[in-house]
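Multiple structures are listed underneath, in structure tokens.
First subunit A sits with subunit B, and in the next complex the same chain sits with subunit C.
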Partner chain A sequence: MLRMPKFKVLNPATVAEAVDAIQQVEGSRFIAGGTDINPNLKHRLLEPECLVALNGVEEIFGISQTEFGLRIGAMESLTNVETNTLIQQLAPGLASASRQVSGPQLRNMGTIGGNVMLDTRCKWYNQTYFWRKSLGFCLKKDGDVCHVIKGGSKCVAAASNDTAAALSTLQAELEFANAQGSTRIAIDKLWQADGIWNKKVGPHDLLVAIHLPAALLNQKGSYKKLRDRNSIDFPLLGIAARLKISDNIVDDCALCVVALQARPWPLDKASALLIGTTVGSDAFNEALKACCAIAAKQCRPMPNIPGDHAYRHAMVPVFIRRAILSCLD
Partner chain B sequence: MAARDKHGPDAPWGDGFKVIGKPNRKVDALAKATGEAIYTDDISLPNMLHSKTLRSPHAHAKILSIDTSKAEALEGVYAVLVGSELPIKYGVIPWTPDENVLATDKVRFIGDEVAAVAAIDEDTAIEACELIEVEYELLETIVTAEQALVTPEPPIHDDRKKRNNISKHVELEFGDVDAQVDDADLVVENDYYFHSTTHTAIEPHCAVATFGNDGRLTLWSSTQITHYVHRALSRVLEMDPAKIRVIQPNVGGGFGGKSDPFALEFITAMLSKKSGRPVKMLWTREEVFYAHRGRHSMQMHYRTTAKSDGTITSVDAKLLIDGGAYSSFGLVTTYYSGQLLTGPYAFPNYRFDSTRVFTNRPPCGPKRGHGSVQPRFAFEVQLDEVATKLDIDPIEIRRKNFLGENTTTINGQRITSNGFLECLDAVEEASDWKSKHRKMRYGTGIGVAGSMYISGTNYPVYPNKMPQAGVQLKVDRSGLVTVFTGGNDIGQGSNSMVAYCVAEEMGINPDSIKVVAADTDLCPVDLGAYSSRVTFMVGNAAIDAARKMRNKIVEAVAEHWKVEKESVRIIDGTVYNLDNDEETLSQREAFHVTEEKFDTLGSTGSYNTPTLGGDYRGGTIGSSPAYSFTSHVAEVDIDTETGEIEVKKIWVAHDCGRALNPILVKGQIEGSTYMGAAEVSLENYEMNRFSLHAGPSLLDYRIPTTLDTAEIEALIVESIDPEGPYGAKEAGEGPLHSAIPAVANAIYDAVGIRLRELPFTPAKVLAALKEKDEVTADA
Partner chain C sequence: MRVFHLKINGDTVDVAAPEHYTLLEILRYELGLTGSKQGCDKGDCGSCTVQVDGVPMLSCLVLPSTVESKAITTIEGLAVQHRSDGGEGASLLQNAFDAAGALQCGFCQPGMIMSAQALLESNATPNRDDIKQALAGNLCRCTGYTQIYTAVESAAKDGGENGCS
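Take a look at the complex of A and B:
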């Protein structure tokens, strides 16, 4: 078995204690379900002296309807999110994405907060210390070259969090807390195109809850995931769709893709084409074709994660269409 | 010698089987289900140290120097070991010893072992390994098999007589192959490729060694061949084998991946000797990937000639086999790649030309269906193409070319029982073949393939005339029968099989038998769990020993009751007098009566193969006392937009001779089929451009989950082999082979594309579909 490095664990009981605890030792990290950070620790991708465990912080649990819409505590497990009737009804795309994360045991442990905050992934990076050392490491950790883009100076490790795509289509707002207080950030504003750290908040910002605005709830939603196996595997391509349909007309549409590059990517140009068309009409079918074509142009998978990137590219229009059509089922 | 006696396939007491053929519980089922079973890593001895290996980060390099001083100085380090301390080379095949425990002069792949440390705990051992300084001089890396073929310099093994990178070359021709081409009604010729895959047994390799003050070594190891480990230890450590004890605890799967002697077995032994403490080494999953010994990738060229009625007139094969950095079983692999194809169909003329080369990647070796899964794939796809071109039903063409039973193959293999036709009948009926083949909607299809495999071979790895399998029985006054066998139970159930055979033969209940296995101090030699030899050989040896003991008991009881021996019958542990209903003895009483007459009770039994094989160099490699036969039918559904292949259902019929326990046989048939089907499009032992394994973890190496496996219907065909234990043959490897070509042939039926290069990724499916559309459009 790979050995765990040694670290201290702090167990705060409140958000205030948690944001205080994380500052006590430089380089500390939060641990929620541990399903991402534990393997990463074993691979020596992180070497924190201290972990702040969140499973005792009651405030960041719970799924409830609020004035704003729907509040999902960051510590809720993916299993809870996937099986929660409110989420199934009001945010079917999120339930679908949660259901497709890894496998059942990992969804029991893994949290939605941890999924949002997931580290980016790369086939040259998510490997053991020995493995990475054999090829001289890479930019993201311990090295100074990129094995994906020759001569590249920027890390392009892929955002691989399935639920991020669905949360983007729902325009989720993320509530963070730190020593300065609390802030809310629209999910699309969270990301930056840097595979080393793809978020604009830092590792010491505590994700407290995810808020879904009421206006976008109770619409159609789906998530389509390309992967080699029907369980366990991270996405090779992930596409979330949300559709608002009234009187058979597409009132609103949102699409977002993950597992391409460092940040999840909303496909606004593509989704806009469908708005205003009548489902099933020629105009809708034409718009759908154009939407898939634009998306295929915009999305250029790189050889950053396993699998044939040309094939991943070929699947973009197929998965866009399937994601949209499955909203209509 | 009793070993060569035919026991006959019939029930020993003449009134039907009592234990054999019944779905009995495995002898270790409860211990495994409750977690009570002890595996090597469960063993912990007082003062035990933990050890770790420093591995090469280079694919091919000379070692200029190794400095271990800093590691030795680290607190908690008890011993450090480098290659020069154990310079004697070893290898499972005695003709090709090319492995060192730790590199002496050079490293040959990324992950090759360089030095080892024993320390108070694993963390300290890892830290110490990092402190070892190794100076390397990089050499050109031999990446591909083609490169190895044409690049003699630098030779990966430069101490061999021949300065080249060819590990083994075999060329054999039977009949006149080229002469058939002109007369043939049809010639089909193509290239095929089978990629490398690995075993992924759930238990990683582990060893614990302790050197006693009396100079005796005990090694517990997760091996599937205690005997060869025993021999290799004696050779490399230059020790009297009588002072070495090798014990195999429960093993969490082998599939061929634990059939070589491995460095950790020698390392723990030496580190224990140096430190004076017991030493354990447990590999990480990554290290298991580097140890590999998995399926060789093969580039294969096949040409089949046939008459218009479908009769095969010749088969010609040329194979290039990527062996990786060491020989392992490679000599045998190279022979098997040609020798095992000559059934279940008659080949009137056959030639193969197989070359195994060395490359700078982890060594390949035997994986379930050793050496013959790859050629079987290529040939069965080609045979399907012959059928299509001649417009013959693929099942019919297989019947048409049936080899027959009690015959000899073109390359001189003796065939006894052969239930292949029954296998074809069974899958044809179960799958409703006739109403499906060429009749299903576009995108769905059905395909068939057949195969045969050995039940052990008469090539005992190292030449000797002693039995291949031995069993010893101890009959106790308590009523317990203890069976000592060198056979390695690696989860397949061989200990259970031994108990069933002894129970049946003696007329007692399997519960009153204890099996002690795979402990070289206690058990008679068996050559190990490989080549599907255990049931056939150990089963026969067990029957041999039990029959001798039964004869003694019957004789003693007959004398005691003053009746004829024919009147004594043991049923379920009670001895009956057939002449007198009133008179019975319990098993225990009968044992007492027998011991009074014969003194302390024990018996031995053994098995050796009859003389087999063709009269030419290599003619005994692949010659088996009995062959199993299999046929698979697969049904697939192809997503023509994504190229994804869904195998909906597989029907598999396997001729195992007699099913000693039908549940265990079905388990083996299903397990083999799953494993084979997973090699079609999921599993791929892939190297990246740095000659480093692309993703040595269970996340990146895609073994199927329950959601990725087809429904399987396992059908047992019993041909009752005249020489097998109660008629049994193998069931552990044969039923893997034809799963793969059956899926390939089903894909052709579904969408009309012939895929010849594994793995069949969705991208390849899409490319082939596109090509087909272009051809159709052009036409």
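Take a look at the complex of A and C:
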């Protein structure tokens, strides 16, 4: 039995009320689907006095086409994103990534916004208080040592958000609201390489919606995920790919990897090699080989999450190849 | 303490409970509905699965204030619904689990049934892959799943023949 710490819950009905509510008690946190924060509360990784529940804020729901492209309300469940026909048709890589997050009940509860804002994960961190106390705690919570890198002074807990990789390949813009107003940030500018908090916005900034630019919609996309059990687990490695193909020539390509380091990592050098090649030609096959090789050099998995990191590293080129070839099916 | 206004198995109930309680704790410790099991208590095992507006969710991770306007169905509600639809005894799916020997210790069974019931309501003729997908978030440490899949297939067949599930 894992008990929650004591807290109170506020249930705002609008974005304005939500960003006001979060400031009422210091250290308050937003709660969307609760599939990440609630286990973390039970493990005493967070101990806020107050939670602000977002399920009653209608403005942050909905999936619709806009002048900019496609707007996805941050509170839409991963099941809704995965099964939405607009997303399946216009952003197949995102539908694929959403389908592979965790298990069915957790996708029914968990939200796309929550997955973007997911806390980083580490095998020395996502444990009960008792377990962590026995170990002597770690940099990310309650301690001052890193168990992943001996003597390390920077937390390297892994970004484990499957959908963030797909959204990176789609150059998503994230709309945040706080007490000062609203801002939009390109998803690749959101991250910082710090496992303690890997985002440049704070926990009091409310993710309202995800905007996908029209120019990158309606292209090929896929997400390939390495995990112990395909039914439920977090990624040991995740690769998102987006390909634009015209007249059998690769016009554009984007790749992004997650679950290796503290932030999702776009693989621009690797993906650029495929551009201009004709699908199925010798040049394409050579470029694909070179793309996988460069990506394997760029990616350096750490022993931060379960699974042998040398194996995870060896799987980088394999999964990049699978992700790209799956776009051609 | 906070008073939660909940709709559980067709009944409207007001429950006074500590604000940090999960829905599962309300069900088990405030209402005595112990059919939903407390397994891992952190979203891994699926034994606490209930339906919220017909959608399977993990009650160990649900804050009760977030489901106040929704219809919550627990394993205890299935037979009630079955009898109010004119049936007798347990629901077809519960009987199918019984007939197929789809359990050993039984701890995962309420969660399995709640996930499977939701599947049958959205897809009356699921194939083996549909069933595997729907039950992917429910872990069984005893039987190895085969009889569980057989039970769901059998309930789908019986439901098709009898016009209900």
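Going forward, the second predicted complex is superposed on the first by the 329 of 329 C-alpha atoms of A that agree within 3 Å, B and C clash if a C-alpha of one lies under 4 Å from a C-alpha of the other, contacts with A are read in each partner's own complex, and residues count from 1 in each chain.
One rule holds in what follows: a contact is a pair of C-beta atoms (placed from the backbone, for glycine too) under 8 Å apart; a residue touches a chain by one contact, two chains touch by 3 or more.
Not measured: the values here are computed from a predicted model.
Once chain A of one complex is fitted onto chain A of the other, the partner contacts of A:A314 are limited to subunit B, with no touch recorded for subunit C.
By the touch criterion defined above, A:L135 reaches subunit B but does not reach subunit C. Of the two partner chains placed by superposition, only subunit C is touched by A:M109; subunit B is not. In the superposition on chain A, A:A53 makes contact with subunit C only, while subunit B stays out of contact range.
In the superposition on chain A, contact of A:K8 is made with subunit C only, not with subunit B. Contacts of A:V25 after superposition on the shared chain: neither subunit B nor subunit C is touched.
In the superposition on chain A, contact of A:I149 is made with neither subunit B nor subunit C. In the superposition on chain A, A:I232 makes contact with both subunit B and subunit C.
Common to the subunit B-facing and subunit C-facing surfaces of subunit A are residues 1-2, 6, 103, 230-232.
Within the complex formed with subunit A, the subunit B residues making contact are 55, 57-58, 110, 122-123, 126, 204, 282, 284-286, 641-643, 682, 690, 692-697, 699-700, 702, 704-708, 761-763, 766. Within the complex formed with subunit A, the subunit C residues making contact are 2, 18-22, 38, 41-44, 46, 49, 55-58, 60-63, 65-66, 115, 133-134, 136-137.
Every residue of subunit A that touches subunit C in the complex is listed here, in rising order: 1-2, 4-9, 11, 31, 34-35, 38-39, 42-43, 51, 53, 55-56, 79, 102-106, 108-109, 230-232.
On subunit A, the positions that touch subunit B within their shared complex are 1-3, 6, 103, 123, 126-128, 130-131, 133-135, 226, 228-234, 306, 308, 310-311, 314-315, 318.
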